[in-house]
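This report concerns only the one structure given below.
Letters are used for the chains, namely A, B and C, taken in the order the chains are written, and counting of residues starts over at 1 for each.
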């Protein structure tokens, strides 16, 4: 289309193409059994982290709001998705459809959480916003820790275990009922219905949602608010509305990613979705480039595989990871080091642009 | 009533630890305008150094504390010089991620050196506690912590208000460029701030592990985050604010654990923080500066 | 294509109004009416008892020495500050309790003394953001690329180009706004403000930092905008040749109070104004 900047459209299609190509190549390799076991187990988690990175980039890169609690939304999505998948296992026998439904449910729950958290939180900015999102991430973790959920013929049974004295027995499940979430232990015995193909579809959907949003009227408004809040208000934009749109869409996508993640393991503990996971995803976003979705995807894939690839270093691998992280940040952000690096490496196409 | 006072005393002593960490945090944030996520891990290093000095080298406690302070000061200045100084012109996110990298680095280095199994830390102070306090289960460590915290706050207030270096710090925190034009060596001032912050972290580490004697590579992470919360709570950049924030946070946490739910204690602390920030966007003692149009 | 924009009624009307108050443009509601407008910051009256009426198609100037409160008046009119006293009527509608964004939708657009563009976005996108409320479609329609998305985006594109052409900036459409030269940034701010379809355009030092030929061109453009769009324009400016040449009415502010109102000729010969600018003759040596 002529009125969509041609260069932008081409870049977007390159990103989609890259994801499709990667999916085809990896699927072929996997079917030939070339991929080592340690990596093939990572295929679904990698797609989850890619979606997490894309969705967080919408908030941090496009909307310019630093969020340190993104894993909280993943957690909401994971556990609501698991509950949905488990309680529907009789109603929807087909694994694929059940997975899709649980991902939608996970996304909805996370979107509601994002909306409820976003309304108070988005009155703040900068480091204050960062610390408050961090706080909400931890609150979500502890709240999920207190949940005991089971299902039986009557329906769902939920206990909120505030005093810490309740157990699964207090659910009083009927004969044939299943306990799904068991407090701090999390969910166990869940069916592994996630597939790499489902992960690929989710990545494509997340990418389309975020890129289409950014290239639309609302996306321009979100970026305008990021660039200059006062000017954005002066041309009649509601600041809170557009920051909230970015926040809720991002939470919903993180929820879907969480539901997929939850469906990939038979055991899922709430502690998995802590501050460190939020930080991990933030690292993908910053290394990939703020507002640059393709960068987020590449960074998420490389950095999820890197610790696996560093297995040779055994005990030293996280140390090496930390050093690599610091060096990359120094070399990409210090003017002198950047110049030195530029001389060492062959020229590549322009640096990261905002809102790309 | 006795029970309540016991909880209050617990809250006060843990709050004093948070306050000491928060004082370091608030100094660094006020001047370098960065979230130093590695601050909590400096606490952990400080505790390990003191642990080694007493357990392996058999040094007396005061010497061990001194060594720990020196080591952390050096570590803080080193981290600042190697990792943060090159990023002085970079965006806040780049610095944040680097700080996270430093935090990972310290945790994993500590794990390689000292192992992941928790060490049992022996308290650095012990003396007979006088009567009304002893019956409330107030320990020698608690009393020391509270006194040390008060002394540090007073000293910092005096330092930033009355010394040349302290005034330079306040100038840099107001406006880095203007301070430079006035002939203040900004880099040295920032290094000095990191030195002070890290020294405080070492003290906090030793006191915290004396109070809750489990030491492992991740020991500093959560107290670090909570202390930052305390600093924000009180109004980041403000020294009395960090003190009040730390103490309040400790008390709220102790009360929440005792009377509401031990598994939701952190949530309650964070929920209070959120409410405070929504009502007073710059914290209890911070001043809100609206953007000029 | 059907034109749905009110601001394209391009009747070239000879300048109808001449004085600030009161006897002109009587068949229309004034674009702006300020009645006893004032604001206090902790007891300090930054603007006090400010009364001003601007006709529907008038160009008005707001002048005064540095620190007189001129930008504060703009901030009051656009609700960046909520006034502590008085009333502001835009096209006869009360603006009390309205937010910055709502006042813009009521028809007030502005530029800023220290330029505020969306720096990382393209010139074209800056204008499209200005058009935001003129071509609404929902975020969801954008995500699924519904038919309305395509139709409205096409209109966005056309309108943005038309507006840029007013200032001959069509060639810069795909440049990054933040990398434009200073003069072009000032012009882009005006285009963006115009895109919101205002009835009253507030220009805060539009000629600051421009050379004489750029200023001359700007003067022509301001008059052209008024004639084309039939809107009221109020400007703060230190360049007296610009103010005296194009403003039909001038309001002089000093220490937050209006010290004179009138035509350029009246202002130029007003004793109080001369005193405010030059200081009292006998104190001239000690005045700052």
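As a working rule, a residue touches a chain if its C-beta (ideal position, glycine included) is under 8 Å from a C-beta of that chain, and two chains touch if they have at least 3 such contacts.
As the structure is a prediction and not an experimental result, all values here were calculated from the model.
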Lowest number of touching-chain links that must be crossed from chain A to chain C: 1
Chain nearest the overall C-alpha centroid of the shown protein atoms: A
Chain pair with the higher count of C-beta pairs in contact (A-B, B-C): A-B
Chain at maximum distance from chain B, centres defined as averaged CA atoms: C
Length of the line joining the C-alpha centres of chain A and chain C, rounded to whole Å: 44
Euclidean distance of C-alpha centroids - chain B vs chain C, Å: 50
Chain A and chain B, separation of their C-alpha mean positions in angstrom: 31
Per-residue overlap in chain B, given as positions that touch at least 2 other chains: 293
Contacts with two or more other chains, residues of chain C listed in rising order: 80, 112
For chain A, residues contacting two or more additional chains: 230
Chain A-touching residues of chain B, taken from the complex the two chains share: 29, 35, 83, 86-87, 89-94, 96-98, 100-102, 104-105, 108-109, 112, 225, 228-229, 232, 236, 260-264, 266-267, 270-271, 273-274, 277-278, 281, 291, 293
In the complex, chain A residues that touch chain C: 1, 3-5, 208-209, 212-213, 215-221, 223-224, 227-228, 230-239, 245, 353-355
Residues of chain C touching chain B in the complex: 71, 75, 80, 112
Residue numbers on chain C that touch chain A, as the complex places them: 78, 80, 99-102, 104-105, 109-110, 112, 116-122, 125-126, 128-130, 132-133, 135-139, 141-145, 149-150, 152-154, 156-157, 174, 192-193, 195-196
Interfacial residue positions of chain A with respect to chain B in the complex: 60, 66, 120-121, 123-124, 126-128, 130-132, 134-136, 138-139, 142-143, 145-146, 161-164, 184, 229-230, 275, 279, 282-283, 286-287, 290, 315-316, 318-319, 321-323, 325-326, 329-330, 332-337
